[in-house]
Each structure stands twice: as C-alpha cells, then as structure tokens.
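Pasting the structures in now, so scroll down.
Shared between the two complexes below is subunit A, which has subunit B as its partner in the first and subunit C in the second.
Presenting the complex of A and B:
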C-alpha cells in the first residue's frame, strides 16, 4: 500500500517534466514524422505519400553533397576548436588577475550572436574594404587582397576562422573547469617526482580532464553538424551551392522551394545521423570514464 | 440625495464615455499591410500615408519586411490563419500563391473597375490564373542598361550613344577598361541569381531566346541568344573587363558596382534613378533599354510588386477598396509619380506632369511596356535560389568556360523542376 502510494507520488513529481517533454519534444517530433510522409507545401495542402520523400532523398545529390560538406567542416573545425581551447585553458587555468582577464577576453565573443559575428567577419574578409585582407597584404602574406568566397575551400576556411574566434572560449571554459577540478596534491606529487610541465599535462591533466574535453567535443561536433547561420551569411552557399550545409539545404527545400514535406524528411535523416554520431561519442566517453 | 445625484451623474458620464469609446471602436476599422523593403516599401509608405490622411477611421498599419524573409513569413502567416489584410508581393511569386489558393479572388473588382485594364500588361498577366484575377500592379520596376558618360568621354566614345547590341557592350567595355587605373568596362553580380534574371536574361530575351519552362513539357533556354550572351560575358571575364570581385557578388554590390564610378556599363533597375539623384548627383550617366543581338532588339525584366489580399484577411472588403483606390489618378499621380515612383497604369506611366522633364524615367516607363515577366511556377527553385540551375549555368559558363555543358545541364534541371 505504502509502496503503491509512493510510486504515485513519484509519478506526480515527474508529471511536469513528462508533460514538458510530451508537448515540446514528442508531439513536434511526431508531427515532423507525419509531415515527412506528405507532399506538404509551405503554401498549404499535403497528401500522404508514404516513404516517397525518403526515397527521393537518397537520390538527392544536393543533400548528400551538403551532408559531406558539413561532415568535412565538422572534421576540420572540431580539432581546431578543441586544440586551441585546451591550450587556452592550460594558459589561463590559474586564478591570477591577468589570467582571469585573459580568460574573459577569450570568452567574450561567445556572448555575441553567431549572426552578428558572421556579419563582422564577412566585412573583415571583404576584398575591397576588409581589414583582414589589408593586414595579410601589409604583412606580406598576400600580394593583393583575396576574394575569400570565390572557392569553396577558401570560403570554408574563412568560416572556420570566424567561428573559431567566436566559439573557442566556450571549449576553454569547460576545460578550465575540468582542469581546475584536478587536485593540487596530484600535480605537486608529480612535480616532486620530477615530472616536466608537458609530462604533467600528458600524464595527469589530459587523462583527468578527459570527460570535460569529450563533453566539449560532443557539443562542438553537434553544433558544427547543425551549422547554418555562418554559411547563410558569409557564403550564401556560393560558389554554386558548394558551401551548403545540411541544415542550409533543408532550409532551402522547406522555405525557399516551399517543399515542407521533403524538408521534414531531410531533417529526420539528419537527426538520425547526428544521433548515431553522438551515441558513438557518448559510448567513447563512458568507456574512457570507466577506465 | 446629493450623493445619489452625484452617483447618477458619474454613472451617466461613464456610460457616455464608454459609448463614445465603443462607437469609435465599432466604426474605426484598421488594416494591416506588409511590404518588402526596397522600392515597394517606398511606394507602400507614400500610398499608405496618402490613404491614411483622408481616411482616419480606416487607417492602414504598414510593416516593412526584409525582402529575403517576405515569402516565408507570408506563407506561414496564411497557414496559421493570421495573415496581413494586404500584401505587396514580389510579382514573380504570384503564380505559386495563386495556384495554392492563398490569395483572394478579386475578379469582380477587375471587371467593374476600368482602371484594372489600364495597368501595364506584365502585371495583369502575372496576376491572373485560370481566367481569374488575384491582384494588380503596385510598385513597378524594370531593368535597363546604365552607362557612365564620363568614362565614355575619356575612352573616346560618344557619351550620348548607349550600346545597341551585346557585341557593342563588349567593344565599348574593352575601350573603357583600356583606361586602366582600376577602371572596368562592365559589371554584373556573378553570384546573384535574382540580379542576373533581372539584367542578363533580358539580353537573351531581346535576342529572341526563351528562358524558363512553364511545365515539364515546355522548353527552356532555347535560342542562340542564350549562348551568345554567355559567350560575350565569358570573353569580357577572361579579358579582365569585369572586376574580379564580381564572381562572388551575391547582390551586395549590384548597385554600388556601377555607382562607384569606375565601371563603364552595367545592367541595373529603374529604382537606381532616384537613388543616383540623392546619393550620387555628380555621376554623369545615362540609361537605355537592354539590347539584344541586333540593333533594334530590346527588352527588360518587369519586376517590382503586385498587391493582393491574402486568404484569411480580416478586412477583405476594405482591402478591396484600397486596391481600387491604388489604381485611381490620385494614388498613381499624387502618391507615386509625385514621389519619383513609376505609376503602374500604362496611361499614366509616361504621360504625367511629374515625369515630363525626366528622360531617364521616360526610358524606364518605355522599358515597362516592352519588358517581359516569366509566368512560371517554382521560380525560386529554378532561378532565385543560391543553387538554382539558372545561376549554376551562368557561373559555369562565364567563370569555367563550359558554355554548352552549362546550358544543357540547366535546361534539363529546369524542365525537371517545372514538371514537379
């Protein structure tokens, strides 16, 4: 009797959270699944077409090209963000005034909107008035200002530079928290044993901060797989649609070509791919953690 | 007793005030209207101000929407049952919205009001679907070719003679670019699909080409002018007559490419004329109809906005009244022409006191009469999107030099899209 009532009380406590998930996650997801099986247009209507949109997606060169571009972007930017973030964390972990200010300065761009920072960098990269080009020419790195968005790889590099400036502070903060949670006694013991700085980093800090690093990697990788704003603003998909990310392609189909049903199917495919990637990462995290 | 009287007087006052307030609420009927930024927003502001001045009880609240967001916002607002009462819509989207039954049928107004018939043909055509009328012209615009007279003089060209064929564009561009010192012969925004359907496609159409298919059985990109125009563009690109930055211009420098003063010839729109007067009064330039392959061949892309009533409008009757009023002499002349905006009625476009001494505006009015607008579904997919077959063709042909392959690929894709 007591056990039963206690179970109901537990359920009662969970109800708000369950309701929240049902209304804001499950219902929209169910609706998305249904829409993906219709030929719904943004302008209205929509007949049930079964799995037709999914079949179409498999032969949609634009989607697979955008997916590959997104994966390559993620593979390039994630190590850059994590590497620089970890270095910045190492340099600013101690709570001295100077390091706190440095940490704050590196973190500052994180609080700027991604669209805002993308616009700033769009103009910094401009061939005619861009400061970035001017500096590269003045330092003798370039002979003349570069048209950054003429080629897909250059456009991608420009976006990676801008996003690194914007995001690197976020990974740094997570890693600083991880590093600061390592006990001083461990570090001191290693120093007494004669471990050099890099030995301490490699043998103590990296393994013990691994959870924070993997968490930052997971967040960063998912964020990169969902990249949209920065490419929408800086490259506009140019040249010739070669810098469309998956989300950008979904946006094009849903809101520019009005194919809401098809866009929904693409969204679900992307969701499954990201979930699979995240599951692998989480599995790796758990294994590292347990070992 | 005094207390009672005071209460009664108070109650009476309250009732009177309430009645007055209610009366105002009942009779004042306000409308909402969305207009996209740019020329249409200017037209919207002057017309709505004029309307509001004389109709304080039926005021219109105008909202300017960023161009790129307009179609999405409108479509979602209609789907949600909360659209504005009136919409000024990029005319090219009319077929899609009419087919989707998203606009109110105003055929009765069109039949009863003789002013509907006086509207420039392109706007009448694009507002009709299966014999019914769903809108009319609102804020006209049209493409023309502009040339820099100062650079023409310096290059030894006659500053009063615009290019009359695409081959003359090429020859003149060579002479202007030869001036050196960061001077270029020609400009086009190489990554802007909308800009190029506006200023490049008329060069092809003037030369007899057909650009877009109406359905999956129709033809696309037919006629030698398609290849000829792309070849001239390609030659001008490889010869360095066009600034390098044109390749990545997604439209941001569509206007400034010419107004900077270092470009000899560029396609542009009628909207640039008031802009030049206010912001670049010292730039000596001319405008003419966009040419074709031979002398005498001319065309233009009729753009701008139509006005329509979205399905679900809460003030449909009043919205119909506004559309009728927009076509009156008062609105066309004292609203649009007086403020330097082209009237949409053909009979008033050139023949009005405000444009009598403005030869450039007269040219654009002429272009409106000879210009074309493609009546097709899926325009965004075929032309306006960043990965459309139209812009892919232009870029592959001009920047990679694969002209025949580019045309063939775009043709196949356009017909495929039209068949969806």
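Presenting the complex of A and C:
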C-alpha cells in the first residue's frame, strides 16, 4: 500500500506530459475550432464569420471530390492489404528459419518512410526509365510502357501497388501475433479430426484471429483516410485535382492558398470522421485488458 | 504428382498429415522465396540504380543492372543546395530531439501511471492518449499559426515537438507497461532503505525498464526520420529541410536534366539508417509494434 501523499507524487510525475498535451494538443484543438469560424489567412485577417466556412465546405465540390476519392482509395486498398496480410501471416506464422526470413522481408518496407517508398515507386513507374514498366513488358503483361500518372484510376492503382508493398507487413505482423496466440492443441485436435488445411483456416484460425484482423483493418483504414505522402509525391493531385485526398485538399487550402480559416473547418470535418473510427479502435484495444 | 514420403523431424505442422503429398512443402518454400524476391526487388533496384552513371540511369528502355560503377549521383545529391551534410544533420537533430522529448515526458508519466494511486488516473491516461484519436494532420494549421508566433518554424525544436505529439501516446503506453512489469518487492525494499520516489525511478526502475526505453527511442527515431507532411509545412526554408523534404526538391529542381539517379542516391541515404536500426534492434521493434497496436 502506498502512503496517502503519494497520489500527488504520482500526479507530479505525470504533470510534464499532461502540460505538453494541454499546450500542444488541446489548446491547438480549441484554436482550430475557433479559427474554423474566422476568415483567417496566412497573410492576416481573422474576422469572425460564424459557420460560413462550414456552409462553404458543403458546397465545395473539390472537398467532396477529395473526400470521395479518399473513401474510394480506402475501400480499394484495405481489403487488398488485409487479404494479402492474412495470406502472408498464414505463410509465415510458423517459426522455421525460411519463414522467419520471409516475415522479415515482408515487414522490412514498413520501417522505411512512406515518402521514401513513394519516391522509389515514382521512379519504378516512370514511363521512360521505370523498371516496373520494363518488368511488366518483359513478362508480357503490357505491350509497351504505360503512363501511370496521367489518368486518375491508373494513378490510384499505381499508388495502391506501391503502398501495398510498403505496408502489407504491418497487417501481417498483427495477424501473425493473433494466429500464434491460438493454442497448438486446438489446431492439432482439428488435424486429428481430419480437418484439411483450409478447413482449419476457415473454422479455427479465421474466427479466433478475428479480433487482430479487425484491429489491423481499423488502423489501416484510418491510415488510408489520412493519406497524403503517397499522392503528393506520386500523382501531385493530377490529373486536374482528381487524385487529391482530403488531407491533401486541406493542405492545399491552408498552406498553398493560405485559407487557414477554411482549411480549419475542413480539418474539423475530417477529424470528426476519423475520431469515430479511432474511438472504435480504442474500445477494441482496451477490451483485452479487462478480459 | 507423385507421393514422396516426408522426412521425419523436419516436418512442419501444416504438412504433418500422413499421406500429404510432398510438393506442398516444396511449393510453400518456393512461394517464400518468390515473396522475398518481390519484397526485395524495389529496394535492390533503387540501390543498384544509385550507382549507375547518368547515361545509364536515363537510358530508355532502362536496364535492370548497372554496366559500370559511378558515384556521380551521390556527388550530385551531396552538393545539392545547402549540401547533404546539412540535411542529414537536420534529420538526425530532429529525430534526436524527438527521442529526448518522448523519453523526458513518457518515462515519468509511465512511472506515475504504473506505480501510484492517482486521482482520475484512467481519465488522465486517456488525455495523454488524446493525440492518438485526434489526427495530427488536423492540428497542423493551428500549430503552424502558434509556431510562427513563437519562432518555431524552420527550427529543429519546433518539428521535434510536432513529432513528439505524434509519438507520445505510444511512448506513454509502452513505458506504463514497462514499469508495471517490475516486481513490487524491489520497490518496497527501496522504500525501506529510505529512497525517495525520484531515487527509486532513477536507480531501480529506469535500468529495469531499459527495453521499454529502447522501444520508445527506436520508434521515435524511425517516425521522426520518415515523417513527411509536418516537415514539408514547418521546414520550408531551404537550409531547414529534412531528408524526405529534400527529395521533393531533388526531383523538382533537376527537371529537364532528369534527376532519377540523384533521387535514388537520396533514397538510399534515407533508407540506410532505418534498415540498419531494424536489423540491429528487430527484437524490440516487432515486440514494441505488437504491444502498441494489440494490447
């Protein structure tokens, strides 16, 4: 048992971190709400305009287009990442030497930056000097090198390929942990009962790893909803702004057009969407502690 | 397909069934090698291309392997604008400060959370995790206004603060777990010996929580080193760029004379510390990853 005074000692130890959060997270958050109701720009201004920015946002076709583009990107890439991640987890979940090396190789791109990986793929996809184009031609998949970033859907596909390479190991490692926590005895019992490999996957591994899969899906979907680096570097929003993501559109408004008030309103709208997802994530995360 | 008896001993769980046709194991091994090749290919190509002379990097169609060895691309990046040493220094300095801030805040906070009765402890814990729920992308506008006033734009400390906002929830989480894992008896013995809470933290807990601190530092480094959006916004001056921002400059500025070689050289320089750290501290990395995301 602790002495009575130690409750304040504990609080004292937490104070620096709490102050930091107050100054650099909570205060900016309050300021964001305020700025979103002004016409502030980087060049000055800051008249209170009430909900005008929000009204403007609802009729801003660029914003809706960017939001829809982000949602569609998330809807395309999340199943790809989770599906391949799950297959990779099944492939490498045993701790043999080769499988550990495979797991390490799949996880390796997770540690390099998303920006850096986008720069690698920007080059690999280049129509003239890109080796990925050359590879596709050599394998007979393409007749001639493709211009990937002139059409929105092709650009999106290119980004999905590159991001899948970069981040598939993330879901894999969460699912490997989920699968490994299933007892061997359960799987062996199913084997004795004559369950085939895919039956075991469907009836035992998939349901019991469901929580890790759901968690990986949420984290990954939130990440995709906040996508910026890969599109800024690879498509630059081209063609004609069709590949702007929400964060990219906010960046454009706040830091390219200097419309800080309007950018703040857009940020808040996006934040509410993201927070709903994050709340689910935290609920899932903390449940394990009580079980 | 022929039935070949399985070797004993070396058989893996998934193929232990009697009468399984051997190819399953061989096929799995082949798939593993194929996957390794696919994952390694982009990095290997980038690495090789960084040593190609300019004529080879710009050749259409490109060849996979270099025919001769050249440091031309590296020299170009080295001399780009303020020079690579400046940019390396910026990236290292911001990452270093991020590590310092994360440890300075998360170690005491984790200790307080793990070892003391604090009023409204779980609420305060959630406050510390706030920036996990609030995407930092949304906070960049008010933070930019604030940092402009404080003179913290184009400043190592400023960007390190942003990176600390991002990394603090994970750090607090890891440190709380690390301190909670230390047996109570050690602490009680120290109290009997008359140590103050601060002494207990410094002499007993911190050495024992070293793995947690390594994990915090490791993740802070990799995140800070790679972070792009805040660096792009807050480090707008040519001399303040970090490496990822520098690369956007490399690609823009050499247009016309085509910059693919220098770009790949820059990529290699950016990637090496991450990969080196990953191989050295893989154990901490993977376990930290799981504890941060799963637990």
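The criterion applied here is as follows: the second predicted complex is superposed on the first by the 251 of 291 C-alpha atoms of A that agree within 3 Å, B and C clash if a C-alpha of one lies under 4 Å from a C-alpha of the other, contacts with A are read in each partner's own complex, and residues count from 1 in each chain.
To be clear about the criterion, a contact is a pair of C-beta atoms (placed from the backbone, for glycine too) under 8 Å apart; a residue touches a chain by one contact, two chains touch by 3 or more.
The structure presented is a predicted model; accordingly, all values stated were derived computationally and were not measured.
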Contacts of A:224 with subunit B and subunit C, given as first, second, both or neither: neither
In the superposition, subunit B vs subunit C on subunit A residues touched: C
First (subunit B), second (subunit C), both or neither touched by A:62: first
First (subunit B), second (subunit C), both or neither touched by A:53: neither
First, second, both or neither for A:270, with subunit B first and subunit C second: second
Subunit B versus subunit C as contact partner of A:105, first or second or both or neither: second
Touched partner set for A:255, first subunit B, second subunit C, both or neither: both
First, second, both or neither for A:239, with subunit B first and subunit C second: first
First (subunit B), second (subunit C), both or neither touched by A:128: both
First, second, both or neither for A:149, with subunit B first and subunit C second: first
Common ground on subunit A, meaning residues reached by subunit C in one complex and by subunit B in the other: 128, 255
Touching residues on subunit B, where the partner in the complex is subunit A: 72, 75-76, 78-79, 96-97, 100-102, 191, 244-245, 247-248, 250, 378, 380-381, 384-387, 391-392, 395-396
Contact footprint of subunit C on subunit A as seen in their complex: 2, 6-7, 9-14, 16-18, 20-21, 24-29, 31-32, 35, 40, 88, 91-92, 94, 96, 98-99, 101-102, 104-109, 111-117, 119-124, 126, 128-131, 134, 137, 145, 165, 173-174, 177-178, 184, 187-188, 191, 197, 212, 215-216, 219, 222, 226, 228-229, 232-233, 247, 250-251, 254-255, 260, 263-264, 267-268, 270-271, 274-275, 278-279, 282, 285, 288-289
Subunit A-touching residues of subunit C, taken from the complex the two chains share: 12-14, 16-17, 28-29, 31-33, 35-36, 38-40, 42-43, 45-46, 49, 57-62, 64, 104-106, 108-109, 111-113, 115-119, 121, 124, 127-135, 137-146, 161, 164-165, 168, 172, 197, 201, 222, 225-229, 232-233, 244, 247-248, 251, 258, 260, 263-264, 266-267, 270-271, 274-275, 277-278, 282, 285-286, 289-290, 293-295
In the complex with subunit B, residue positions of subunit A that touch it: 41-45, 62, 127-128, 147-150, 236-241, 244, 252, 255-258
